[in-house]
Amino acid sequence: MLSLRKIDKAFGAVRALTGVDLHLQPGCVHALVGENGAGKSTLLNILSGAIAADAGSIMLDGAECVGLTPRRAQALGIAIVHQQPALLHELTVAENLLFGSDGAVISWPARRARARELLLQVGADLDPDAIAASLPLPDQQLLQLARALRTKPRILVLDEPTAVLPSAASQRLLALVRDLRARGTAVLYVSHRLEELQQFADQVTVLRDGHSVFCGNMAEVTTKDLIRHMVGRTLAADTAHPSHATDKEVLSIEQLSNSDRSLHSITLSLHAGEILGLAGLVGAGRTQLAECLFGLGAIDAGSIRLNGKPFAPRSPADAIARGVVLVPEDRRRHGVIPAMSLASNFTLPHLNEFARHGLLDTRAETDAAEQAVSAFAVRAASVQEPIQTLSGGNQQKVVLSRSLRNRPTVLLLDEPTQGIDVGARQEIHAHIKSQAAAGCAVLLISSDLAELFLLADRIAVFQRGTVVGIVVRRSSSPEQVMSMCLQPATGQT
Amino acid sequence: MRERSLALCILLLFLALCFAFFAPNFGSLNNLLEIVRSATELGLLSLAMTLLMQAGALDLSVGAVMGLTAVMLGACLPAGLPLALLAALTTATVCGTANGLLVARLRIPPLLATLATMALFRGIAEGSTRGYAVFTELPAAFLFCGQGYLLHVPAQLPLLVLASIGAFLLAHRTPFGRRLTALGNSPTAARYMGIDVARHQFTAHVLTGLSAGIAGILYTAHLGQAKADAGTGYELAAITVVVLGGTSLTGGKATIIGTLLALFCLATLQNGLLLAGLPSELGLILQGALLLLAVGIGRNHSTALSTTALPTDLRPFKMKNSQVLVLAAAILIAAAIIAFTNLALVRAIGGAAPALSPAHRVTVALMPKNKSDPYFASCQAGAQAAAAELDIDLIWDGPNDTDAARQNEIVEAWITKGVDVIGVSVESEAAISTVLRKARARGIKVLTFDADAAADARDFFVNQATEQAIAQALTDDAARILGGKGTFAILSASVTAANQNAWLKHIQLRLAEKWPELKLATTRYSDGLRDKAMAETNKLLRAFPDVQLVMVLAAAAVPGAAEAIKQAGSKVKLIGLSVPSLCRDYVHEGIIESITLWNTVDLGYLTVHTANAAARGLLKKGATTLNAGRMGTMTVQGDQVLLGAPFRFTKDNIDQFKF
Amino acid sequence: MTQTRALLLVITCLLLTLAIWAPEFFAPGNLQILALSHLPLLIAATAMTLLITAGQIDVAIGAEVALCAVVAGIAARAGLPIPIWIGAALLTGVLIGFAHGMLVTKLRIPALVTTLATLAILRGVLRLATGGVWIQQLPASFQWCGLGQAAGQLIYMAIAAAVCTLVFLVMRQTKVGREVFATGCDPETARLLGARPERVVPGVFIASGLLAGLAALLDQTRLPSVAIEAGTGLELAAIACVVLGGASIRGGRGSVGGTALGVLFFAAISGLVFLHVDPVWERAIQGAILLIAIAREARPKLHKAASGHA
């Protein structure tokens, strides 16, 4: 149905794609995997018409598509759900959903009604008049998905659709994909969650360093093979983390509530060397808790004690000064400043350490950044390059290395490996483990239960702004935690 | 950013080369130092604005802060210079703090917040002084800061150098500057990284206020008068400089080097054009071309359409052939303009080097208060006629808005250029006298016309009528029309217009002395604009229904007021000060009762004749007559050449005057 | 929309004050004159709304108004019929808009820089070409475009109202209008969604040029001559109205309705003269009222407010 043949693309001196082939068939889910930076995004951008290939051809139903633009791609029935939500942030949900779909003159009541209908299809209960920027990341993702499905595409491209989605929504999404496949849609599915792909993909293409290194039927390959193709070597299996928890209580939270009730009556304690996982659906209040601890949210009632002393940070600066650091969920908006250099991004919270007589010692900055780059195996051409030129995984490693620079007492991690490839994910896991081993108290928010069960000593389950239960990893199972996340709240605190 | 700086360097070199070749004395060290002097105040503002824009903010109130600082300085001078300086800087800091609080604490967008404070600060400065200069007898030590030399270097130069180094280090080499860049890029991410966004924004605004205050003090010292209109329009000029330098309006990208290069590009352009004797409007046009060129050449990879940061792979950089073509065309056109104007200049002077011509041609440079005022447009007509008659070179240039600082700048340039006679219609006596004395010391004959400077600062004053005579003529006319009693209103130019304010004073004296039953209901301001005069008159007619007569004190405002009265079908009488050509129809229709003025064409004509006579040594101290072409023999009284009393134009005589 | 509500509150307070202390402000004759003298600002601000919503800006709009008026004046003086010189003024606006659009999209010079440059160039050319002399001795039919004063005033107001309504409807209710918003939000995303920023941007510049031509006609044909300094200060006033009306200077947010409120605000504070305020203090008081109007929309929470602009 759709074939990409011998696609080449270079940005300046960097060859992003070299002779890549990809063939999609109707009624077939085609998985596209590869490490971050392998060229997946570039390939998708070519497919969507956002950028033009330097060489190679795109054939649709046997006819060559020349001069593909986003409009033409849409007209040809190609719909794309981007990993980073491509939304018009100042505009409403309904507008984002139905942009350009309803003729020259617009009827707003009809738009709202149709928006509700489309959102329900993907299981999102959003206000059509809400401003897109005000939505949390998962809702933005669902909004994008609903928009893609609206066009009833013949070819649906999903770029990491489940990366930010909580499990339940992921399951619904996978059901949707199966349904589409049954109706003859060709699906190109990009994901790092190989287990997920194993469940339902029919074919798979592996990209490595801009080359398509493997193409075949999913049923015939194992996860291990795929990883070998992706990284070009065999990875050691990720092993569960032995507990380093001590008796020393570092952080104690008592009956914490905030004014808009997104958090209420939370009681938790965190010990030195312990990794406490926070499970729950999106919107359950996990991120709000982390932000509260990081000085980004107002506390209404209850108390927090850090090493026995009262702790009520009024700003992130306050929190950082007390040794509490956060690796935020929305990396692009909160974690890094995309246009600034890697080195600047690395030193920003620590600038005073690099000042001599009030002036910055750029040499020392570069040295420190280079040290971090080598310690965390960040792949970057130079530390002076804007950080936006790095792949997501490498950006995340910079964020992590920055947060760990001054040996924090409490490390708050909000979805640290979301949308990050296997290799980088393992490295980040290793760093988290070694921090815990060194006595740091870690709060790990993750929607990936496998990750929680790999790392956490205990797992606190959140529901509607409060903790509904705390389980010890060794004596629990992912299924149990999942059911706790989903069960209706019945006055249990 | 590098590309932009490089482009600016090339442009600066290109301009310097052009002017060094075509503009007399451009390349002299003194002139280069004068360029620096004239750029100091704007430089201080631009440096601060660069820091502010680095943080994604903007300050439109800097010019107004200069005005308020100047007024405060003047008001506190009786208490001693140190105290006055302290008060001025405190005022500026308070202004900056107010902006900072509005932006950082109340979260009002900077554009909107400073738009409001711009009106507020300037309004306070104007209201508290009623537009009059506060203090003109400034101590010599203070004036030295603005007008003196330290070892042949203008006194401001060390300050500008220090400020530049300081701003450079602050913007590019300190944690503070780095944090500003971060929050300019993304305030949210900056906050997540532990940066106190509000405090940094606040500090940047306070710094800008302080910097504007220092600029205001220097401006006062440079000009020699403390007045509420100090720094008018400087905010837009500063923004132009910063943007030309390559700093991004949306924040997160700033370059102090670029700002300085842009500053000197623009200052060089203006100075060079003046020295080449080219009209300042051309400066405006070239400034526009420069902006397009510098940005066009040194354009970075981001698209102009986009203000947000995007992954680089989404915005491939392509320079299409058509773009190259347009760019090349733009460069060619700019080059052609410069070449053409230079050619015209060469022809006008008759050979580039004056030394070539055995009979030295006299060059007379005349400056109106405001080039775009129709009053001076008719003066210019007379001056040109006389210059053609006498076969001398006439340069006619001046501010496009009443601007005392610009007048000084132009005189400085003329001194450097080396003209034979300088004639000025003085906007501010206190401000210009020093530089006129300097011109005399260099052997240049100095005249004043229309409005006088200090007596020792000029050789002759071409006197048309005194402030007092005009005020009396107008008041008496009003009294005659109203039968000696009644209510009238005045529509002046701007609150700070020096001439109008002097007339207002004399009108009030005349009322108290001779017409106690004549009541002045209100004085409103038209800014010398026809359209604003119309709107103001419309409001005046309805808000003050008992007004029987409106007296308009600006040439361009009279027809605006007349049109308003005509459209309202009102019986209110109108008199004013204007030129016949603008008012002829209204006078015939009976809307305008009478206009008072001397013959402005003759004023220009006589001034050029006086200048010629002075340059050729035909007019010396003690002469009693002057032969002035078609005007015949004119009377000279002491050091004043008299044009005659003000004239009343009415229905009966207006058609005899063709100007 | 709390911003517009706050603005509405301040305007109501102003009007109430005027109603109590200076009822003559509300005399029909005065309101009509007031409306008429604010038409050029309304049209210019409407044009600016289009531009700012699309993420652009035009600081040269005052100079464009002057140029269009001068062109109309010269054409009228040459004895051309009314429709021709009206067309000439509008066409001049369109051409300037087209030039702006090309500079911004083809040469990728940011709108602020482009229009700062054309502001200087247009004002310079106007002064150089005319020597500051007004366009006078126009045929009688120049004033009110030959409609006569009474009919002309009403028709002018009707035209302005119709044009604003049209722009309002186009921006709100049509696909093209929504593309303007999308482009202002983020041109790359807009392009991915099938909008055409490379056409929208020149489009809004051309439309605003046309509106500048209209503003020039509504402004200068109220008088029997054309002043070279027409439109002075119009750009800043128009931007103030738009931003006051709730538009985001970064684009993507704005409405003609809000802008009209902004114009109403400025019309209302021009009524200070009816309260017999000392004119030298008028500017300070206007600044203070403006400050109150914008302080009402202050947003206390930082990270919520800023998160929209990442």
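As written, the chain order gives the labels A, B and C, with residue 1 at the start of each chain.
The rule we apply is simple: a contact is a pair of C-beta atoms (placed from the backbone, for glycine too) under 8 Å apart; a residue touches a chain by one contact, two chains touch by 3 or more.
Treat the numbers as computed from the prediction; the structure is a model and nothing was measured.
Enquirer: Which two chains have the most C-beta pairs in contact?
Expert: B-C
Enquirer: Quick one: most central chain, C-alpha centroids?
Expert: Most central by this criterion: C.
Enquirer: How many Å are there between the centre of chain A and the centre of chain C, using C-alpha atoms for each centre?
Expert: 44
Enquirer: Rounded to the nearest whole Å, what is the centre-to-centre distance of chain A and chain B, using the mean of the C-alpha atoms as each centre?
Expert: 57
Enquirer: Using mean CA coordinates as chain centres, what's the gap between chain B and chain C in Å?
Expert: Centre-to-centre distance between chain B and chain C: 26 Å.
Enquirer: Which positions in chain B are in touch with at least two other chains?
Expert: 186, 188-189, 191, 314
Enquirer: Of all residues in chain C, which are in touch with two or more distinct other chains?
Expert: Within chain C, the residues that touch at least two other chains are 186, 188, 251, 303, 307, 309-310.
Enquirer: Residues of chain A that contact two or more other chains, please.
Expert: 50, 296, 333-334
Enquirer: Over in the complex, which chain A residues touch chain C? Could you list them?
Expert: Touching chain C: residues 48, 50, 70-71, 74, 80, 82, 86-91, 95, 99-100, 102-106, 108, 131, 133-134, 296, 330, 332-334 of chain A.
Enquirer: Touching chain C in the complex: which residues of chain B?
Expert: Residues 102, 106-109, 111-113, 115-124, 126-127, 130-131, 186-189, 191, 197-198, 239-240, 243-244, 249-250, 279, 281-285, 287-292, 295-296, 299, 303-308, 310, 314-315, 322-323, 326-327, 371-374, 376-377, 380, 400, 495, 522-525, 527, 529-531, 534-536, 538-540, 542-543, 545, 556, 559-560, 563, 567-568, 581-582, 585 of chain B touch chain C in their complex.
Enquirer: Please output the residues of chain C touching chain B within their complex, sorted ascending.
Expert: 22, 24-25, 27, 29-30, 33-34, 37, 55, 102-114, 116-125, 127-128, 131-134, 136, 149, 183, 186-188, 197-198, 201, 219, 222-225, 227-230, 232, 236, 239-240, 243-244, 249-251, 270, 273-274, 276, 278-288, 290-291, 294-295, 297-300, 302-303, 305-307, 309-310
Enquirer: With touch defined as at the start, can you tell me which chain B residues reach chain A in the complex?
Expert: 169, 173-175, 178-179, 181-182, 185-186, 188-196, 252-253, 309, 311-314, 316
Enquirer: Note which residues of chain C are touching chain A in the complex, please.
Expert: Contact set of chain C toward chain A: 172-176, 178-179, 181-182, 184-186, 188-196, 248, 251-253, 303, 307-310.
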